[in-house]
Structures are given as structure tokens and as C-alpha cells.
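Chain naming follows the written order as A, B, C and D, and within any one chain the residues start at number 1.
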Amino acid sequence: MELFFYALISGILYGIFFALVGIGLNLIFGVMRMVNLAHGDFIMLGAFGAWLAYSKLNMNPLLAIPIEIFIFMIIGFGVYYAFVPRLSKSRDPEMLSFILFFGIAQIIEALAIFAFGNNQKSIPFSTLGKGSISILSQSIPFSWVVSAAISLLMIGFVYYYLYFTRTGYATRAIMSSPEEASSVGIDVSKISAFAMGIGLSLAAIAGVLAPFMIGSIDPSIGASLTTTSFAIVVIGSLGKPIGTILGGIIYGLAMMFMQTYLASWTNLVPYVILILILLVKPSGLLGKKVRNA
Amino acid sequence: MRKKNIRLIIGIILILVMTALFALLPKIYNNNFLLFNIMLYIALAEGLNLIYGFTGYLPFGYVGFFGIGAYSASLLILLLHVGVVPAILLGGVAASIVGIILTPLLRLSGAYFAIANLAASQAIYYIISNPHLENITQGPYGIMLSSVYDATASYNAMLIVMFFAFMLVLFFRQSRFGLSLMAIREDSITASVAGVNVVLARTIAWLLSAFVAGLCGGVFAWYTSVFYPETVFSLNISIFAIVFVLFGGAATLIGPLIGTVILYGMYNFIGISTPQYFQLIYGLLIVMLIMFLPNGVVSLFKKVKDYVP
Amino acid sequence: MSPKEILKVENVEKRFGGLKALNKVNLSVYENEILGLVGPNGSGKTTLINVISGIYKPDAGKIYFFGKRIDGIATYKLAHLGINRTFQIPKPFHGLTVRENVEVAALYSGKQCLKSFFKHLKNFKFMEKGYCNIEDDVQTAISIVGLDKLQDKQATQLNTSEQKLLGLARALATKPKLLLVDEIAAGLNQEETDKIAEILQTLVKKSISIIVVEHLMHFIHKITSRVVVMDSGSPIFEGTLEQAANDKRVVEVFLGG
Amino acid sequence: MSLLEVQSLESGYKILKVLWGIDLNVEQKERVILLGVNGAGKTTLLKAIMGLLKIFNGKIYFEGKDITHLRTDKRVKLGIAYMSEIGIFPNLTVDENLELGAFFLDSKLTHQRKQQMYEYFQDLLSHKKALAGSLSGGQRKMLGIAKLLMSNPKLVVLDEPSNGLSPKFVKLIINILDDLQNKEQFSILIAEQNIAFLDFAQRGYVIDNGKVVVSGNLSDLKSNNIVKKAYFGIEN
């Protein structure tokens, strides 16, 4: 029972963090139907941002968050205007975006190796607060709680943006139909570029927390984070950013319970979940994105 | 003479020249390892071309079949004492069987298929490398095949597999079966209206593609004789094959060949010691290709397009 | 002697979610006729075509083709049996030439042909010309629609009307006995429309029955002897177009109440 | 100067040309109807006017300004409001839909305008927080019209507002439009196949196969034979 509660609590905390990991990918897909295969690499960059702040500038890594939001907003606008309008006109935007962002992922990873080397880097957990706190008589590291709280806060911001601001309405209008959106006077490309900026910033913020949740970081962690993000997003339904919270928590719980009871098979979790969901209920979770015949 | 027949003749000549070249090169050039790897990637790229080029499904987890081929062949040799050649063939069959298990993935559209296939290959990797299965797969500790090691024979086996992959692609390129596959790639509903059994044709291409990767894996295992799960399930194998095909041009015989020779050559030149340089270059190449040349280098030869095998 | 009935649609229903796209549809097509299928958008015309050509499976009802039940049979098998169609928006196989487009369709147009395909596959003769003797079928189909001169062109290089003709040629290459033509005149000018009307009329003389779905009434008027008017998923009228124009219910459907 | 002037417009979808040279104009405060069977090109024409389709040839002027190649959202800002056949965002609430109808106005104006709309459409007020997709067919059209008028447009362009409605609701919609047009004095271009709208309009065009076949004032159009010819392609 001890183990069960531990797995439950840590699973939920991790789940909230993983929701943040996936939500940017889903936002970008929902708004512009682009598959950001470099999502994990943007997370990795965010993580290195935190590491730089901590080890080079002696800052609290959390202070990297506002700076990263600023930087990744700009990157988001750049990426949008450089690629998306042109891709949208092609015959198969979804597939081409997939390959294009795969290329971008390779570039990011290579540049990260130039900048940071191949060695693993880490930030001591204690920078987010020392010791642990007791929840349901389970001792949980304080850094997990802080990370989960920040993740929740960020998801709250996304929710607020989408459901309580006019730009947010416009963003949801574009998700529902770009054509309809432009015919009520919405500048679809500007709002989409902004969504790209938000999506990448969210990835970066997840990255800032990654050293505390995932452990040490290196430039190669991007690929598996991308697949994990896909698993999370697909569970919660693609194209619906808020659904990602559900995906994150299911994923976090599945992982923690596996780690508690069947540790050596934990690595399989994201892949098996992803395949099972795609096969069992592809139409339900992916809308109409299923091939005919 | 019809363009198609000219194309066939060029294709056959090309295949014969390439095969002869790789048969003779070891006598004058002693970097046997490099030659083997080029053949390996040509075969893998052409095998991936069967499914990506002709049906449009991008198998990001193609390496899964390669790894399955390597492990099946090795375990058959080690545990059941099967002869090397039949073991490699059975490795190909094993890859195809995994392909059959994964056929439901073909129901998914482009990007989801690619991601699901990637996930499948990772799942296979984590199963095979799991320490709990040490008694069967040796888990993470890898495979030792030194008892059957034979550098020359395994090199020649690779030559045959490459030839076989070439012939399959040429068959797809020239035959009406290949034509119906391309029709499916363009529009599966219209193809079925034209009388093509879409599901069957697609599955055949998928299984043949898996078979080629499985054979490559088996021969690779024989040639290297010592390997770890992460060697034969390295995502880089998928990525290289995909990039080579994209670069050269899919759905042709010569595209993946050009892609492999140029890019693997470059990799060998600058990449092995500092792989990030190569990674940067092919990352940039992909971005440029998608933006400016989505059909690969081959599409530059528009005028003679009909003669490109 | 009454003309032979080749297609019989019996109480066919098709739902999409809560929406009944087809509701108890009964319809017959006879030998050597062009039947016009008209009605407002969303009345179920294209859905009916999709059900007959096997793209959708009906939720209820039966369809007979030469007395044989065909509802729920896969599209490609229907193509082999002799039912084929064109699409409103032409869908040529890009990257294939005009001739190759038609070849794909001709390839599977008969059992004997299929057998010989595999026989030659076994003997590795698959690349030889005429293994399946489909060359004649391909050429016939191409010349009926008049694309002979363009047959080595890439399908993408064709204009709209040529792409529509290519769609027709592809359908003809499967040697259909029943041809479903979905809004072929949309987007064409008068001259091109007339040409297609002429082609369809020659096809009927070759014992191909045709169902034409069309909004262009003068086109329907010119080539059909009988029309069926659909509304909200059911046929509400059957007769000549003149009779339809004077039928109170039909007028109501078209002009609103 | 006409409010909207369309000159020999050709447009369509990718390779499919649907409009073959359309001439049309709408004057200030005028109600113009566009009749034709489905597939005649009505929706295509409206989309082309809104900039949602590529213009192959011809010109579009709004208040004398050439808007042929202007982006859709900028046209809306000039004062053309458009209601497509769907007309609403089903995944957004009623209130959010209205808010988006005047997306480029400042929030104070938007708020005032919203109150005005809730006054016009009492029914919508009681469903303020409901998802637009959960409304009944009639309510959706009301919401569509309210959203349309949010931005105080000079010209409203409606695509088949009667689509899917029972004759009773069609009457209701016509009455609402009639009433609002009298109050707010915008111009209307309305595409319909339901001739119940004939009485509502002052002038109209009948299009067939992407061309204007008949145009004129109400009495011209009411001569049943002309409409029938356009609808059935036969004379009798």
C-alpha cells in the first residue's frame, strides 16, 4: 500500500509536468496542422537554458523562464513565417511539415552538441528547494512539487489565454476553421505565428523543469521526448490542447506504476500506449485523420 | 522503342555495373568495412524506397526490421544451430512477420503512421534489450557470432542482398504492380475505383520492404559478428536510410543510390569522428529539400525524367 | 418487350451519425439508358453514387447488379464486375502519364488478365509489352475520349476538361457495364460540355448504361430520357425532365416553398 | 458609385473554373438576391467576393476601392461581413462567437454592440454560455446573423441562410433580416435557392453554370418562366 500511494502521488505530479511537456506540440498542431517533430529538441534547448542560467550566471534556473519565453516567442515567429505559409500551400502539408521539422530537429541537436558538448549536464535538485515534503505520509522531493506547481501554473495560463482572452478566442476559431476565422476579420497568420511562439515557449518551460523531473540532460534527449510528447498528446486527443492534461496524467501514472511494480519494463510505456491508442481508437482520438481503405 | 523499355535497359545496366563494381572493388581498395556499409545502406535505402517511394508511407521505425533480422538470424544460429544462410533468410522472414503484426498501422495517415512505426521499433528494442530476457536475447549484453565469422562470405552475401533490393525496386518501377502502387499513393479511393486491391497491394509492398531490412540485419550481424541491441536498433539507421532516399529522390531506382553514395561518402569523410557536423549538414539538407526540391535530386533531371530508372 | 433491368437499388439507407443521407432509396437502371439524377445539394445524389460504387457500405437495403447482390462488396471488386465511376473533382494519378493512368485501370479488368499477370510474374516476364494484352483496351479507352495525342503527357499537365476526360477513360478501361458519372460538366465550357455529352451518347450505343449526376440542367436535358429527382435522401420523382419541371413537389424542392 | 462592384469575375477551385465572368453590383442600402440551383456557383461567387478563393480574372471594387487581391480579414475590416453556410464556430460559446464577430473593434465597442445584439435576439442571451454547436438549427442561424452584424458592416453577404430550416423558420429569418435592415441600413447580398426570399429583395440575379443568366428588378424575376428556365434549363 505504501508503494501504491507513492506511485499515485508521484504519478500525478509527474503527470502534470508531462502535460506541460506535450501541450505545446498539441497547440501547434491544433492551430496550423503542422507536426512539430522538433518539439523534444526545443524542450532540450529550454533545459540547457536553465543549465546555463544556473551554472554560468549563478541564477536560480527558474529565472530563466521569462527570458526563455521572450526568446522562444521570437523563434516561434521566425519559424512560422519561414516555413508554415509555404508548406500550407503544398500538396501534403502534414507529412511535409513532419519531415521538415525532423530536419530542424537534427539541426538543433547538432548545434546543441557544438554549444554544450556531448556530456550529460545536471542541476542539483536543491536549487528548487531543499528536502522533501510529506503527502499522505509519503515523502516526496520538494523539487517535484515545485515543478508540478509551475507546470500547473503554465497550463493555467494557456487555459486562460484560450478561454478568457479575445486573441484566445481567435486562436480557437482558427482551430475550428481557418477560413471562417479569416472571414470574421481575424489575421490568421499573425495569430498562428503567435500560437507557434507560445507552443515553443511552453516546450522551453517544460525544458527548464526537465533537469529536476527527468534528471541529467544532454543534446540527444530530444528524440525520445518528442515520442513521449506524441504519446501524451494522442491519449488526450490531438488538436485539443486542454485534453493534453488528461494525457499527461494518464501517462505519468502509467509510468510511475510501472516503475514501482515492473521497473525494467518502464521504458516501454510511452511506445506501447502510443501504438495501442493509435490502433484501438485512431478515429476517436485523432478525429478524421485516418486513411481510407 | 518505348521510353519505358529504354528505362528498363538503363536500369539493368546500372544494377549490373553496381554489382560488378562492389564485387571487384575489394581487390583494389582495402577499406572493406566502408564498402560493406555503403552496400548495406544502398540496400536499406532501396528497401525503404519500396514502401516510402511507392506508397508514401514513411517508416520511421524501419530500423526495427533491421534489428529483428539481426537478432532472429543470430539467435537461430546460436540457439538452434541453423546454418548461416538459412538463418539470414529466416531473419528476413521474421522481419516480414513483424511487418504482418504491424500492418494495422497502415490504416493511419502519414505522420501518425511514421510516429507509430517509430514507437513500434523502440518498443521492440526495449523488449529485446530487457535484462529479464537475458536467457533468450542476451538482453543488453549483445550478441557474439564469432563462431561463424567469415568476412568474405558475409561481404558477398551483402552484395547479393543489394542486388536483390535493386531488382525489387526495378520491378516496382517497371511493372504494372508498381504502377498500381503509385496510383494508390496518389489517391487510394480512385485507385480502388480503378480496380486495384488497395489493402493487398499496400501490404505486399510493406512486407517486401520489411523483408529487405530483415535480410540486411542478418547479413550485418554475420559481418560484424559482435553487436549490442543499441547497435542494430539505432535510430540513426532509419534516419540515414530516410535521408538518403529523400535526398536522391523516392520512387526511382537511382535516387536512393545517388543519395547513399553522396551522403554516406560525405558522412565517411567528415562524419564518423565528429558526427554533429554531418548531422547539421543533413538537417539543413532536409529543410532545403522540403522547401525547394521536395522530389529529391532526381527531379533536377526533368528533361530526361522518363528515362531515369 | 420491356428493357432489361441491370441495376436495382432496393430500400437502401445510409446514415452519417444522426443524419440520414439516404432514406429507403429504390431505383432501377435499364440496359442502354442514361439516367439523370438531380436534386439540391445534400439531397443524397453523390452519397448514392458512393454507395453503388462501393465507397460507402449501405446501412440497410440491397443492391442487385444483373441479378447478383453487390451491396457491401469492395470497390475494386465492383470495378472488376463492371461498375465504374468518375469523380466530380478529377483525381488523376499525378506523376503518372496519361497512358499509365489508364493502364492502372485496365490492368485488373478481367480474371483471365489477372491470371496471366501472375503467370508472367512467375516467369519474370512482367516487363514485356502486352503480357496481359491490355494494350488494346488502353488505346480504345484513350481514343474514345480523344486523348490520343496527349497520352505521353504527365497527368498534371492536363487542363480541367482533359483531366475529366482522363477520369472517363480510366473508368472505360475497366470495361464497365454501368458507368456512374458525377458532375462531369461542372467547370467546363459549353464546347467541352457538348463534347462530353457526345461521348456519353456513343457509350450508350456500346451497351454501357450510365447514371449522370448533374446540376447543369441543359446537359441533363440533352442526354437523358429519364430523370430521378432526389430530396432529403429519397427519390421523389421519376420521369422526363419536362414532366419534372411541371411537377409541384419538384418545383418546391428546387425553388423553396 | 456602387458599394460593391464585381466586373467579369472568373474564379474557382484550383483547376476547376466555376465562375465564367460574373458582373454584379450592390448599391448602398440595397437588398440584392442571388438565385440559382446548387452547383450554379453562388457559394463560389460569395467566397471570391470575400477573398477566400483565388481570382483568375476580373475585378472587385468596394466603395470604389480595388479589393480584388486584398486579404480576407482586411476586406472584413473595410466593412464587408460574411456568413458562410456554417456561419458560426461550433466549438466556441455563443458569447465568444459574438465577440469574434467584431474581432478588430476595441473591446468597449464590442461590448456595446454585443448588448445590442442580445437585445435583438433575446433567445441568444439565455444561451450565452452554451456552445454554439449545441444550438438548434434556427438558433444557429440567429447567432450567425448576430455575429455578422457585430462589426457594424456596410455590406452583409449571406450564403443560404435558409439552408436546413423549415418553412416556418425561413419566414422568421426573412422577418428578422427585414427588420434589422430597416433599423441599421446596411446593404445585403444574399445567395439563396429558396425563392421565398424573392419578396425580401429589391433586385436580383439568377446564375447558372457560373454565369448570370437573368438579372433585374423583382417583377422581372418573378415571371416564373425565367426562373424556371434557369432552374431546369428548359422552356415551357
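As a working rule, a residue touches a chain if its C-beta (ideal position, glycine included) is under 8 Å from a C-beta of that chain, and two chains touch if they have at least 3 such contacts.
Quick caveat, the model's predicted, so the values are computed rather than measured.
Asker: Keeping to the contact definition above, tell me which chains border both subunit B and subunit D.
Answerer: For subunit B paired with subunit D, the chains in contact with each are A, C, in label order.
Asker: So, comparing C-alpha centroids, which chain is the farthest one from subunit B?
Answerer: So the chain farthest away from subunit B turns out to be D.
Asker: State the pair of chains with the top count of C-beta pairs in contact.
Answerer: Here the largest contact count links A-B.
Asker: Could you put a whole-Å number on the gap between the CA centroids of subunit A and subunit D?
Answerer: 42
Asker: Go ahead and note the Å separation of the Cα centroids belonging to subunit C and subunit D.
Answerer: 35
Asker: Measuring centre to centre with CA averages, how many angstrom lie between subunit A and subunit B?
Answerer: Their C-alpha centroids are separated by 32 Å.
Asker: Using Cα averages as centroids, what's the distance between subunit A and subunit C in whole Å?
Answerer: Each chain reduced to its C-alpha mean, subunit A and subunit C end up 48 Å apart.
Asker: Of all residues in subunit D, which are in touch with two or more distinct other chains?
Answerer: Not one residue of subunit D touches more than one other chain, so the list is empty.
Asker: Can you tell me which residues of subunit A touch two or more of the remaining chains?
Answerer: 293
Asker: Residues of subunit C that contact two or more other chains, please.
Answerer: Residues 75.
Asker: What part of subunit B is in contact with subunit C in the complex they form?
Answerer: Of all residues in subunit B, those touching subunit C are 2-3, 5, 8, 171, 174-177, 179-180, 182-183, 186-187, 189-198, 251.
Asker: Report the residues of subunit A in contact with subunit B in the complex, numbered from low to high.
Answerer: Within the complex, subunit A touches subunit B at residues 35, 83, 86-87, 90, 92, 94-100, 102-111, 113-114, 223-224, 227, 230-231, 264-265, 267-268, 270-272, 274-275, 278-279, 282, 286, 289-293.
Asker: Would you mind writing out the residues of subunit A in touch with subunit D in their complex?
Answerer: 166, 169-170, 172-173, 175-177, 179-188
Asker: Subunit D touches which residues of subunit C in the complex?
Answerer: Within the complex, subunit C contacts subunit D at residues 40-41, 89-90, 159-160, 163, 183, 185-187, 189, 215-221, 241-242, 244-246, 251, 254-257.
Asker: Which of the residues in subunit B come into contact with subunit A in the complex?
Answerer: 56, 58, 104-112, 114-116, 118-120, 122-123, 126-127, 130-132, 188-189, 192, 198-199, 235, 239, 246, 276-277, 279-280, 282-287, 289-291, 294
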